[in-house]
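Below are structures written as structure tokens.
What follows is a pair of complexes built around chain A, which joins chain B in one and chain C in the other.
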Partner chain A sequence: MNPVRVAFAVTRKDIRSEWRTREMVPALAQFVVLALVIANFGFQIDSRNAPSIAPGILWMALVFAGLVAFGRTFAAEREQASLEAVLMTPASPVAIFAGKAMAATILLVVCEAVMLPAMSLFFGTPFSAAVVGAVLLATIGMAALGCMFAAIVARIRARELLLPLLTLPLWIPFVIAGGQAVQSAMGLSGGYDNAMALLLDFDILFVVLTSLAARFVLDE
Partner chain B sequence: MSFVVANALTHRFGHEVALDSVDLVLDSGEHMAVLGENGAGKTTLLRIIATALRPTSGKLEIGGLDGFHERRRLRGYIGFVAHAVGLYPALSAVENLEFFCDLYDVSHVRADEALETVGLAAEGQKAASDLSRGMQQRLAIARAILHNPRLLVLDEPDASLGADAADVLGRVMHGRTVVLSTHDHALASRLCPRTLVLRHGRSVGTATHLRVVR
Partner chain C sequence: MSSYVKAAAGAVVLMLLAAGAIFLYAPTDALQGPVQRIFYLHVSSAVAAFGCFAVVLIGGVIYLRNESVTADRFARAGALVGVLFTTVTLVMGMLWAKPVWGSFWAWDARLTSTLVLWIIYAGYLLVRRLAEPGRQAARLAAVVGIFGFIDVPVVYYSVTWWRTQHPGPVIVSNALPPEMLSTFLFTMACTVALAAVMIVIRYRIETLLDTKQTSTEPAKVLASREPSGLAGRAR
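Now for the complex of A and B:
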């Protein structure tokens, strides 16, 4: 049993399903753009304060979009009872988890691809490789954690309430380091390299931890 | 030679006893029907045999392997059709099966063969959501035989399957050890030489061609 083949099969299946139904990405993209519009009217943002305010808005919108994206990854499988069929195969639960996490990451990255240019348009902040790199690096670790908790709460009735309660505290390090990296990339003083190194450390830590835990979470 | 050996299988949901000390021995290639009223424990027993559920107590051995400690390995030998079809509605019938071919590590050719076996070859390109309930059930059965399992566990597979249910099931059961639950006694009698009757979670007897032995 090739775990890489399994993981890619799961990712392909999730992306194909999303492509056919267009259930999540249009709604999420709309949500992040609306969040920017509201922030645009809610804050008095100009060229001087944009680098300090815009990263906060970016991470707020991403965190809430992420909760929706990762929450649906396992909830939909539970609702249509397909997760049991998947787990009844000899495929490794870790590979299945990795596939689901990759698919959710891709969907969130698509939303980010809408959000970052929109932010640049609304707030006049730079849309640079440094900003994109920081957001992508944070997305990996956030996806691993989000999917893990989504798998845990998927079988619970109050999952919409529990997922943020479990996930948000562990996303705080990503928001802090990611916020610092994006602020620095937008021109404020600060250690971009240090923040990126911290994000990388968090990614490695949480990807390893969630991979180890996936076996116990999915193998009921 | 005994292929499935279950000893004193018991399962509780909280204080509710769903299955109470059920014993079962099934030879290789043997077909057994599990009968009983709603809530008798049929689904619980089948889920335990399929390794989808851990019993509260008892022992299960399938093909000489421990049913609980070697679950992942055993799943390569077990095909399970559960109550819910568990398909991906946005994917076509073929895509649903090809996805599971990847998980079972078998060639995609098996998807077409399985569709042919359950009589769905002409519907392969249709989205699962566009199939009738009976066709979805056939697709779920096709998924269960993709990896050519030695043990087939079928939980009320005849539900909404249509007039040729016995023919379809007869084809997929051929050459395999089968545990099947159903409310249709005529179907059970036609497909399974042995019957296990459950009542309130307890085995009230086994029978050959529905002649109950107490």
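Now for the complex of A and C:
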């Protein structure tokens, strides 16, 4: 079986089930908009302090939306015990994992497509290609790590407790580099190109490592 | 006296000797005064923690290759002792930072990455506690332990890669006078020996816990048949 086709088939299946139920994307979109509203009351944001506060809010909202999105990827499979059935096919576990990671990434990107315009609408921060590029680049690596840990905790009792505890520390590199990139894209000083190069490095590192680990995480 | 008690007593004696070297032999720092003596244990326990996490890494890799129970027990022991030594490093660093920097904490790369290291391996210990013991838990924890080790070189090189408030490497750059260097090397050797003894003892405890687990297995099966049993409540 061609692993690339397997991966795309898994992605298509996940996206189709999301399209039919339409529960994740509206919930996540509402969640990130709510995060912006709460941040507004917490920080008293105006056009002067927005460039220094908005990137932090962006990453906070994105990180927690990501935790929900990646936690759900394997939760649905677990509830119906369908993962075991998929793993019994001769398809490679790495391809299945990649497919699920791609589907979760697409869901998160859709919710970013709501958050970034909402952010520039509410706070007046620029909605530029530089900001979108940094967020998308960080999403790739965060999705790889988030899906791997979601697969790990799917078999553990206190999975809702453990997923943030395991995932957030390893997401910190993305928040550091992505935060710097978004800050400089929003007008604060800081090297945008450096931060983007660092994000790309982290993406490559974690995508390679998670593909190596996927066999041990999903196998059984 | 069992060999474990002897090893533990030996480690205690070594640490007392190190304390003697730190307080009696090493010279007082000209700028910082006596508070600089924190340095010896602070850096030594960081080195010991790195060593413990290397045990977790190697144990995890061996476990994934051939499912060796020994390797997994060593990984568990290494994680626990490593978290302990990271805690010592962080607490001693904070005690040192307060008089020298004026605050207990600074969000620089070295401190942040060390805190992240602590959180990663504390998460590892939580995985071990929350997952049903057995093959599955060991494999998952091995993956967590291997990923967590990525942060160790980050902690080590953070002072070189970024401009930090935390001072850069003083050992490899030969910045210490000979008495301080010999005191440090001696303390480091003693601390690493202490960590090794702790890992060996913890390995023994893990072995005993594992045998207890397997011997109570039938009782657990019985309990799970009743709806209000132990296993029923755990769900």
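Keep in mind that, in the parts below, the second predicted complex is superposed on the first by the 220 of 220 C-alpha atoms of A that agree within 3 Å, B and C clash if a C-alpha of one lies under 4 Å from a C-alpha of the other, contacts with A are read in each partner's own complex, and residues count from 1 in each chain.
One rule holds for everything that comes next: a residue touches a chain if its C-beta (ideal position, glycine included) is under 8 Å from a C-beta of that chain, and two chains touch if they have at least 3 such contacts.
The structure displayed is predicted, hence computed values, not measured ones.
Within the superposed three-chain model, A:209 lies in touch with chain C and out of touch with chain B [touch as defined at top]. By the document's definition of touching, of the two partners only chain C reaches A:169; chain B does not.
Contacts of A:88 after superposition: chain B is touched, whereas chain C is not reached. In the superposition on chain A, A:129 makes contact with neither chain B nor chain C.
Overlaid on A, the two complexes show chain B and chain C touching the same residues of chain A, namely 220. For chain B in complex with chain A, the residues that touch the partner chain are 50-52, 54, 71-73, 75-76, 78, 80, 82, 84-91, 95, 99-100, 102-105, 127, 140, 143, 147.
The part of chain A that touches chain C in the complex is made up of residues 145, 148, 152, 155-158, 161-162, 165-166, 168-170, 172, 205, 209, 213, 216-217, 220. Listing the residues of chain A that touch chain B in their complex gives 1-2, 5-6, 9, 12-13, 16-17, 20-21, 80-86, 88-92, 96, 219-220.
Put simply, chain C touches chain A in their complex at residues 64, 112, 116, 119-120, 122-123, 126-127, 130-132, 136-137, 139-140, 142-144, 146-148, 150-151, 234-235.
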